[in-house]
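Quick one: the structure is below, questions incoming.
Just so it is clear, A, B and C label the chains in written order, and each chain counts residues from 1 on its own.
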């Protein structure tokens, strides 16, 4: 790690859901950093724990879920054990949020101007006219045409893509250090999706905001993120620079995942397929959680949990890359 | 097949019906709630004593030959003037209150269950048809329901009861009276079922499993009853439980008002009406014990209904 | 078409009445409103071929699918499958027989299986409905066979849908579609509710089944990469019309219609890390009041007065005035 302090630092985070059948481990010991101006993509299939990770960072895990261990640091300050009231202030000021459905972030009863101005004034000491001017600038910044006219509309008067832009403006208006974007483009059409991706990327760069982009869409990650964490069954299977992970994945799950995505470039006759599916939280196998589906599985994988190993710029949790493991198995 | 996925059957829980039930969330929430368990116990107890009334009761209160006017208006047994076997005292005809309660429970529960069965059948059928067919049929059924909802249920029951009795004329034998009660209660409660079922049907009928059934050319009644009906029964069960309590109260009210069960074959409501006449002359037990029995029964069933509503609603769990 | 197509869709239209209820119209004023979900769609599918319709939400592709299988009656136009018209009243008996041969796979595997039915009942239903096999034992045998055919275990038949994952449920839906020995299967976004690794399993399975059973597919999707992987011919839909129709390879290597080009450029793709894209402008207009002429004209960089006034016909596989006039330097017939 460099001397520059990361904006977000997650250390050995564990999240549990307590049910009558015992505690289910939704997140089981994950660690990652996001630097200033960096976009970290968190990708995984349903049940991988990617959204729970996002919720844990912003302190919005609903019971019966709870953080069971580890720590979350925002610019060096520990935030996972803060009282709810303080956490709420941090969410408003230092962490912005963008969700899949823009309507969850916007109040349908208030004009966009009221919501933006109120948020700006709560966290700065701008006058209301100055706040309104700033809100208009922000709307222009996120690509809303004629912002001085549109600002007084209600959320339902915007189309889906425009609404998501308003949410991004709302998330940006207090200049947060970190933005958590949970499937921000999933509900949008392809042609609109591309616009939102480009916008997020540009704003992250211009404002120096760290972005944690949670999505199931590897294409979106490939285009937007600087680094990517591939999650599987509550753990990070592999984390590294996005181009490396996409073109040269190391973890067998990441390999399978990349091969499974049909590409526009080449029409392969058959897609690579990983047999089976993600285990349910109540039935995560011992050892490496991927072992029942892994083509390279060997005895150690079934009993011992693989710890992340540094492999050039990647960190990969797989026994195949451990020098002490018996390397008799061929690695493709 | 090139597909290398000839997997073993996926692991899963118990496969028998009982095993599934014992493993379910509904059963778990039942075991968690002491109050619900008490209510269930009480309801079962009432059911059991009603069914076994013939064995448990010292006297058959419906048989005039067993009544002796000399035993009339006896206080409960713990009173100085109490006599065996009149555990809870007797009424003015020498009827043992305890026995009358057991037999009355039997009638109340019978009318309750039959009334619920009748109104549920009617309401579910109309709700299914209205929801599935939509259009004019839906409009007609639901407007009738709307109009009926503007009257209190008891008024409808009284009206139906009055009309039927006027048509049949004169004194009715107890079996016919009972049928008339069931009919009038059933007609006054169908709306709630119809509305709920219609709402659920409108959601279900747009799901793709219905499209798949239509695709193979199944006729509408088969789709309604075999595909949709099992999927809308959850809320119906909750309404039926709560309506059982309502039906019992309605029967008691009708009997109390004198249009229900006759004095020769009293239900709990009839007993309360009889006792009401003697309340101020000091014979409190004639009204009190049937009243307590009725209140407990209705409370227990309502508690069960409340719990069922919460347990079957995943949003509240 | 040199030989007779297996599926012929001729000038299909569907209009939905989206007006407010009568009483509201009377009280609040306002006219009846109509939505042209599908506006003159024609295509052919040869036997054993996969034809795909691709488009964004509101393009009418799912409405076409539902009209082709007969779940929704067309406002006008005709669907002819194996020489039998789906809309003629005369051929009622023939249409009933045709039904057995057409099946559909739906988008949401959580909604397309009846949650209260055991899996073997679900798969056996078409067999019973069409009276294909007599005797419970033989039906059970066939159901077991179908389940292993799609990669499940015959013993899985005793379970309920909620005990399976999304991908397994989609396998069950495929088994049900095959139960009536269907020849033509309409797939409405069959993998868009699934995770990528599971999507790959299902797409591979569908291709294997096509090779083994000679199935014909109409494949509906919004995902261009999936369509490219599955289809031999592709129609691109925009606001109820087909704007371009061509064989798969050509559509991706030489897209013609400005909308197709924009769409191809917009898709986030794993192979394009760090690529600079041409910015896409605008959003899909409200289909209740679509733009006049070519519905793409407000977003099209090549639009002129003719595009605003006149609906372009589908000529040489593309519906675009600019291409027909040679303004873009692309030959339509190529």
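One rule holds in what follows: a residue touches a chain if its C-beta (ideal position, glycine included) is under 8 Å from a C-beta of that chain, and two chains touch if they have at least 3 such contacts.
Please read these numbers as outputs of a predicted model, since none were measured by experiment.
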What is the chain whose Cα centre is as far as it gets from that of subunit B? A
Write down the pair of chains with the top C-beta contact pair count. A-C
Note: subunit C sits from subunit A at a C-alpha centroid distance in Å of 32
Just the number, please: Cα centre separation of subunit A and subunit B in whole Å. 53
Subunit B to subunit C: how many Å between their CA centres? 49
Could you list the positions in subunit A whose residues touch two or more of the other chains? 275
Residue numbers in subunit C touching two or more further chains are 168, 201, 204
In subunit B, the residues touching two or more other chains are 5, 7
Which positions of subunit C touch subunit A when the two form their complex? 56-57, 165-168, 195-201, 203-204, 207, 222-226, 228-229, 248-249, 252, 262-275, 277, 279-280, 283-284
Contacting residues of subunit B [partner subunit C, same complex]: 1-3, 5-10, 12-13, 15, 207-209, 211-218, 227, 230-231
Along subunit C, where are the residues that touch subunit B in the complex? 66, 69-71, 96, 99-100, 102-104, 106-108, 111-117, 125-126, 129-130, 148-149, 151-153, 155-156, 158-159, 163-164, 168, 173, 176, 180, 201, 204-205, 208
Mind pulling up the subunit A residues that touch subunit C in the complex? 45-46, 159-162, 189-195, 197-198, 216-220, 222-224, 242-243, 246-247, 256-265, 267-268, 270-275, 277-278
